[in-house]
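Everything below concerns the one structure shown next.
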Amino acid sequence: MFSVRILAQTGKSTFGRVLFSTCAARNKYNEPLSGHDMVRAGGIASMMRLPVQSDTTGLDACFVGVPLDIGTSNRSGTRYGPRQIRCESALLRKVNSATGASPYDCMQVADIGDVNLNLYNLPKACEDIRRRFSDIVKDGCIPLALGGDHTMSYPILQAIKEKHGAVGLVHIDAHSDTHDLMLGEKIAHGTPFRRAMEEGCLVGNKVIQIGLRGSIYDTGDYDWAREQGFRCIQAHECWHKSLEPLMVEVREMMGNHPVYLSFDIDGLDPCFAPGTGTPEIGGLTSIQGLEIVRGCKGLNVVGGDLVEVSPPYDVQGTTALTGANLLFEMLCILQKVK
Amino acid sequence: MFSVRILAQTGKSTFGRVLFSTCAARNKYNEPLSGHDMVRAGGIASMMRLPVQSDTTGLDACFVGVPLDIGTSNRSGTRYGPRQIRCESALLRKVNSATGASPYDCMQVADIGDVNLNLYNLPKACEDIRRRFSDIVKDGCIPLALGGDHTMSYPILQAIKEKHGAVGLVHIDAHSDTHDLMLGEKIAHGTPFRRAMEEGCLVGNKVIQIGLRGSIYDTGDYDWAREQGFRCIQAHECWHKSLEPLMVEVREMMGNHPVYLSFDIDGLDPCFAPGTGTPEIGGLTSIQGLEIVRGCKGLNVVGGDLVEVSPPYDVQGTTALTGANLLFEMLCILQKVK
Amino acid sequence: MFSVRILAQTGKSTFGRVLFSTCAARNKYNEPLSGHDMVRAGGIASMMRLPVQSDTTGLDACFVGVPLDIGTSNRSGTRYGPRQIRCESALLRKVNSATGASPYDCMQVADIGDVNLNLYNLPKACEDIRRRFSDIVKDGCIPLALGGDHTMSYPILQAIKEKHGAVGLVHIDAHSDTHDLMLGEKIAHGTPFRRAMEEGCLVGNKVIQIGLRGSIYDTGDYDWAREQGFRCIQAHECWHKSLEPLMVEVREMMGNHPVYLSFDIDGLDPCFAPGTGTPEIGGLTSIQGLEIVRGCKGLNVVGGDLVEVSPPYDVQGTTALTGANLLFEMLCILQKVK
Amino acid sequence: MFSVRILAQTGKSTFGRVLFSTCAARNKYNEPLSGHDMVRAGGIASMMRLPVQSDTTGLDACFVGVPLDIGTSNRSGTRYGPRQIRCESALLRKVNSATGASPYDCMQVADIGDVNLNLYNLPKACEDIRRRFSDIVKDGCIPLALGGDHTMSYPILQAIKEKHGAVGLVHIDAHSDTHDLMLGEKIAHGTPFRRAMEEGCLVGNKVIQIGLRGSIYDTGDYDWAREQGFRCIQAHECWHKSLEPLMVEVREMMGNHPVYLSFDIDGLDPCFAPGTGTPEIGGLTSIQGLEIVRGCKGLNVVGGDLVEVSPPYDVQGTTALTGANLLFEMLCILQKVK
Amino acid sequence: MFSVRILAQTGKSTFGRVLFSTCAARNKYNEPLSGHDMVRAGGIASMMRLPVQSDTTGLDACFVGVPLDIGTSNRSGTRYGPRQIRCESALLRKVNSATGASPYDCMQVADIGDVNLNLYNLPKACEDIRRRFSDIVKDGCIPLALGGDHTMSYPILQAIKEKHGAVGLVHIDAHSDTHDLMLGEKIAHGTPFRRAMEEGCLVGNKVIQIGLRGSIYDTGDYDWAREQGFRCIQAHECWHKSLEPLMVEVREMMGNHPVYLSFDIDGLDPCFAPGTGTPEIGGLTSIQGLEIVRGCKGLNVVGGDLVEVSPPYDVQGTTALTGANLLFEMLCILQKVK
Amino acid sequence: MFSVRILAQTGKSTFGRVLFSTCAARNKYNEPLSGHDMVRAGGIASMMRLPVQSDTTGLDACFVGVPLDIGTSNRSGTRYGPRQIRCESALLRKVNSATGASPYDCMQVADIGDVNLNLYNLPKACEDIRRRFSDIVKDGCIPLALGGDHTMSYPILQAIKEKHGAVGLVHIDAHSDTHDLMLGEKIAHGTPFRRAMEEGCLVGNKVIQIGLRGSIYDTGDYDWAREQGFRCIQAHECWHKSLEPLMVEVREMMGNHPVYLSFDIDGLDPCFAPGTGTPEIGGLTSIQGLEIVRGCKGLNVVGGDLVEVSPPYDVQGTTALTGANLLFEMLCILQKVK
């Protein structure tokens, strides 16, 4: 009953192999190690207890961690986001009960580990990230990134641009992250979308930012974004309502253009996501977060990230758990999923 | 003003006395020890600081703990649920401000302690629970059980059946708990309602499950339940709305049939109930939880449980507090309460 | 770029200088130390990293702490509320993104430290508070108080009365706090508004209490308040809706009468404010909390407090963070703010 | 095997029965509910899961809680000390493995609940404590008190004096607690032994204070104590060594005189007892704490307390656990124990 | 500089392969992923970030997890011990600074994941463990097990016996774990060494138990063990001294006989290991723990375990960290290490 | 009795006044705000509640924070070290009970706030630190720095060298921090003393490192240090003994040469200092830490730091408390203190 099903392998490459999957014999795609096959507390903590492989050979989509926190302005700790999201993801099962999506029946997915980055030098870390994501996307694998602080979206978007050109952006966040400088630096977790826009990674009028709120430095803090054509939805515009109608508009706005999905967990209210560095009250509910991601079904999503989970501040584990769920929801809306 | 009202004693034995009730002289029913009579931090932590007695003699309803967690599939710790719910319940007072219910003016209620169960053998533990609940219900006392993992609902329903036959069920939960097997076993916290249904404890078309959600093992995970006639309400059907209309339907569905109320705290969203073993995001609000329990007023409730509070994961105590409140709300809707 | 703007000094005394303000040269008013000028983790933790001064000379409004917890009936710890609110306030910036309010462009504001109070004798502590607030308000400075347990609102209202006569009251709370006695005492955190009303500090029909809920001692617990003309809004009346319509009524009710704003953080649901002494489930959302405070714009607010933040129970820091935000929101609705 | 041994009942009243003792039939004395008879997570959380009774009739010794924290000068929270010590005590068994002491074979012991005290008025609370302890000690029952802040030792010593006259004192603490005033008040947790000495409760040259350390207000802080004849042992005199030789001296010093044992948990190093209000580094080890209590075997101990356990700061529960163990060790050295 | 060194592979077996090692090119043995090669927050959390492989082909020693907690009598949670020990082990480097041992230069070591066990049925779980360990040891691989509750040592010793016959035992623990029954059951975490002795897995006079202490059920609790020839060292015999002299005796006692090393983390004092289920004060220091393991150098150690790490109670992570270190120390004393 | 002693003010400017000192009138030196004058929970949280001033004019010594954590290799969070150390320091009083030192009677001391540093660029942050410390030391003020990660010692030593030339070093740490590179970078928290030595800031044979331990990257990890003449004392050499004899040797070794004192809190065992980034078991006791600092009395200490306190991992606050105490102890051994 507890038989561990190990796959026969057909090739000798060190890449593109199933590492500790016990489930692949069941169908032609990798599957998360099931709680019916192995106690959830057991098994190496990869994302959803998926097989780990070192590159993207054969993959339609991958989970990849970015253990970064030196771009944070308030609390740090997001370097441990990927590890903690993986730990909490052990609870996840393979099918989405609300949408019926069953991504592991349609795509080859694996956990490809973490970006090896320079944690003492932020520009170099960005370059490490960009290079790794260039590799990931070059043959069409869709990366879903486990953050890590939001600085990472900048080099990811650079890599995405190499493959897809300027993309649309669905950006959930309490903050616009379009500052020009932070403490005088061009690169930090409050500047990625300014940099990305400046470098032609984004199509301005295909950018929507949802959940903006809190105190700001200046009354004009969102002006630059709006000047680029970004649609800035403040959190209070979302209060007391479903965001499904908004997502209808988003789907119209994006059409079939390639879209990147960047979900800063602080877009959600601190009651759902206390474990983050710059929490702002009055935020989106996790239900709205689910509506946004599910509402992206039909878009041509070419990549996504879930950022700013900071485990040392996530005392009850709910932030990482929410992050893990939202990443699974992202997987469920990819185009190959029926 | 701080007079401690101690009952007259009839002998000098250290036994045969009311131990820490200070209120029984006030009316003919037990009352919780009031925060006006004793600081809340004081007093032995029984449920609501009620008198404790070892059996159900003379009781209309009772609180009883089930310190069980060996049926859990993810995080354990629910064995300490009863103790922690009792601790947090010290804040509760005797009247319901929203409904006006004043249960201690209408019924004799006590805390009867915990089921003495075998914590190393789940089937034996279930038998211990069944036997104790048979005793509790045989003379008409209504048990409100402090869990403990959800496995316990199975033996409780067995005992309820002995007294009342097959009953209706209002089941709040993120999970259907109708698996056939978990890791190959028939008894675990994901199977109680399958077992109960198989054994004739439930009337299939008088079962409603509210709050189902999250990832599942298979697209057909709810099929069996629906085939039995269960009404399965998924969480996303409840988003952004009051559940009062649903409860109108529930009251119609149940009529005067005996009903059991099983409230898995993970039916609520993790922001309200982080201290549980298998939390799923996008869940019911505690307001909806209150609407459900209050909406059971008028039903012929013959027992209830509040399960899956896991104190080691309830860092801020809010889960146990919520559990304590929901148990008090259950008390408030019993038929003897005016 | 990181130039610390230090004021010219006129002497060589170690006293007589601005201590950690870096902003006063920028405009004619104090400003919070900006995250663009100094890392948020740096700087002495005054409220919003504002300049600290010992009295209210020159101030339009001030933040002042009241490190009190000996009036609490359940969990203590609120004595550390002011310190923790200040720590979390380091994240705040000077402009309100939702309302556009920019209070530091319109008013002189500072942190004036804490009331020096007798922590072993509650009546004396109240007298200490009353005396300090008399000083604060006598020349027109508007105090925004960081609590501290709710007992403090009583002596503050005494001081407010000396200056303004009987005032209106917007009171957000899970509890009416109008008991006559607690454990036989006249002064405790459950009695301040009874005392204040008895002493003529409040205009009965200009008092609104929002968020009342939970279990109560007696079905008549709110009777006294209603007899005084208080409008008592129970939490369940607020469920599933915006409170903006209610605030329209509040503004009509208050007209231009001086109003005091007392925000007990336990008015909010425990998912938003777990770090408090007497949490009650089914409470207001933080969104509703923001609606209430923002809805006070236009009122003649002469003072306010944010009470019952208990840091030892605020494991994830969200309660203090919420408190800090709500205090900033109070600042934003003062009449001098355009 | 899991038979719950319930005492025969003589009537049908819901009162007049032993509530949760399962052991009294075994021998003539009460026993803690054994982990072999009931899972440790089960059973109402009395001290060591002993029977609870409302007075001291028939008792040789008793555990009694004092839920007090309004005498604290730094962190509060000790009001919940008694409840938490009881919770953690569920792990304790009836025999001391190191000394062989088996107190439940020699004495009748029970938990008599908590002192009902006025938590808003420290002098009245002291009077409440004094009155309750007068009752406890008047017929020879030896109280072992679960604190609660150290202020409580003052009224306890007043009650002890009524029965026994001036007593000796073994006082473990980081602080001398012999201030004259704190914030101008005579009664607070830094003054109990000054008050007790002034009122003739103590024999000056039979007082030993062990573990004094940390920063102090004045170089003469210990002068008053030494002038009374107190022996003040600073913590650094205890470093790196066993305290057994010291306890030989203590036994000589005390002879057969009645002795009170007051153990402030902050006498131990914060690594053993972080959950306390005024922790000082460089303190006694828990091993030394055990040596001190065990070294009191042979003394005529007429009462004892374990104070300053503050659960909200005892995140890992080790402080309450240590407190529970030390109270059991005190029980083991009482004169009736063979 | 951040080059990821991936090994070329020579065979196509699914077993015996390096999964996500980046270091094996450096020498002929696996090495932990170095903090110089990859940020510690990165990389899949295997033990010491070693390669993971599914069986023991080619291994001299292995780390293997046993996610078990249904044998616990007090707090549960140890099922997550293996995962948390692995997470904290990311800090470890490959060489022992105190002993100079460099095990990865001498042996082939890997993490082989977790035992797949039945978490709802303790006897079946034991059988699952026994079977897996039989496989592990049959070709000479030395297992170092990450627990998991202490019940697991019983089936591990059964497997060890199959290979090595009756072995010696160095057992560090607060408890003798030689009960006959717990709550009537033969298998639980308080009985493994009784069962193992009864079944001939142990040589009675080559068993030493170090650290026994705390309250016990009966004055004769250690009698059975002593009757078998076990040497029982109580914790108080170890106070204030180095255990190096004791380990000299242990080495004499064991000679070259095969020895199993079972380290219950509760052998250490709760200040070092709060995150465990049955903590007892007055325990061994972590220094003594290191002395014991290091003192086993020279013994013929054929297996070892580190048990009873309970992450939900290990709030500061120090218990898992200590467990990870002790497991590394065990690796360092294996006979193949020079 | 609660009179707040506010200094006479000379003008009506909101600037130019002593902000929250209440004690300066008492003697000619600043004093910490006493717990006898203001409740400890009150008052702005400067170090020991000392006056804050923006530069070092008139100061003999100062406390200064360095909110840095981007040099950390494992857990981050030390950026909040200074703020948390200040919070916990509120418990400290002005006199040392063990040594009798009364530094505030002999020196002018203040808290001068934090270094304003670039948190997104480690080399620039170092330059910010160097510049600020050059200012601090240039007129003879002795800085005691609140860290912050250990990288900071490098630029501080650069500044110290400008004033004093190469200095001796008493370095308490689990790690030698003399790596050449970390992830390829010259500047990180594992390299400061290599850099400082290379730049002539240290006199090699006047450097002592105490507490080295744990796993290391290579058997030669301490070789470079020893080649420079550093004395490397491994932790196991310190086990079970007082370090007073060692400090006699240290005083001989240093003579009257200027000495810098760098105390990495991870030099202490994790049971005393869990809240740090790279904890290693088997470390120094806090008693040994006190012996080391007190043993520096007589040395010509020209500066010191206490680094690596990471509040998000310091759940019980003991690490920051220990840090605050050790900084006070450093103040007590400065040469001006009698």
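Before moving on, here are some points about what is shown:
Letters A, B, C, D, E and F name the chains as they come in the text, with residue numbers starting at 1 for each one.
Criterion: contacts are C-beta pairs under 8 Å (C-beta built on N, C-alpha and C of every residue); 3 or more make two chains touch, one makes a residue touch a chain.
Being a predicted model, the structure only gives us computed values, none of them experimental.
Set against the Cα centre of chain D, the chain with the most distant centre is A.
Averaging C-alpha coordinates per chain places the centre of chain C 37 Å away from that of chain F.
Separating the CA-averaged centres of chain D and chain E is a span of 38 Å.
In chain D, the positions touching at least two other chains are 2, 39, 41, 73, 79-80, 118-119, 182-184, 271, 313, 315-316.
Inter-chain contacts, as defined above, occur between A-B, A-C, A-E, A-F, B-C, B-D, B-E, C-D, C-F, D-E, D-F, E-F.
Every residue of chain D that touches chain E in the complex is listed here, in rising order: 1-2, 34-36, 39-41, 90-98, 100, 102, 241-242, 271-272, 286-287, 290, 315-318, 321-322, 325, 328.
Residue ranges on chain D touching chain C, taken from their complex, read 69-71, 73, 75-77, 79-80, 118-122, 182-185, 187-188, 312-313. The touching residues of chain E, when paired with chain D in their complex, are 73-74, 181-184, 212-219, 221-222, 234-236, 239-240, 269-271, 274-275, 278-282, 313-316. For chain E in complex with chain A, the touching residues are 1-2, 4, 6-9, 11-12, 14-15, 17-20, 37-39, 41-46, 52, 54, 65, 67, 79-80, 82-83, 86-87, 111, 113-119, 128.
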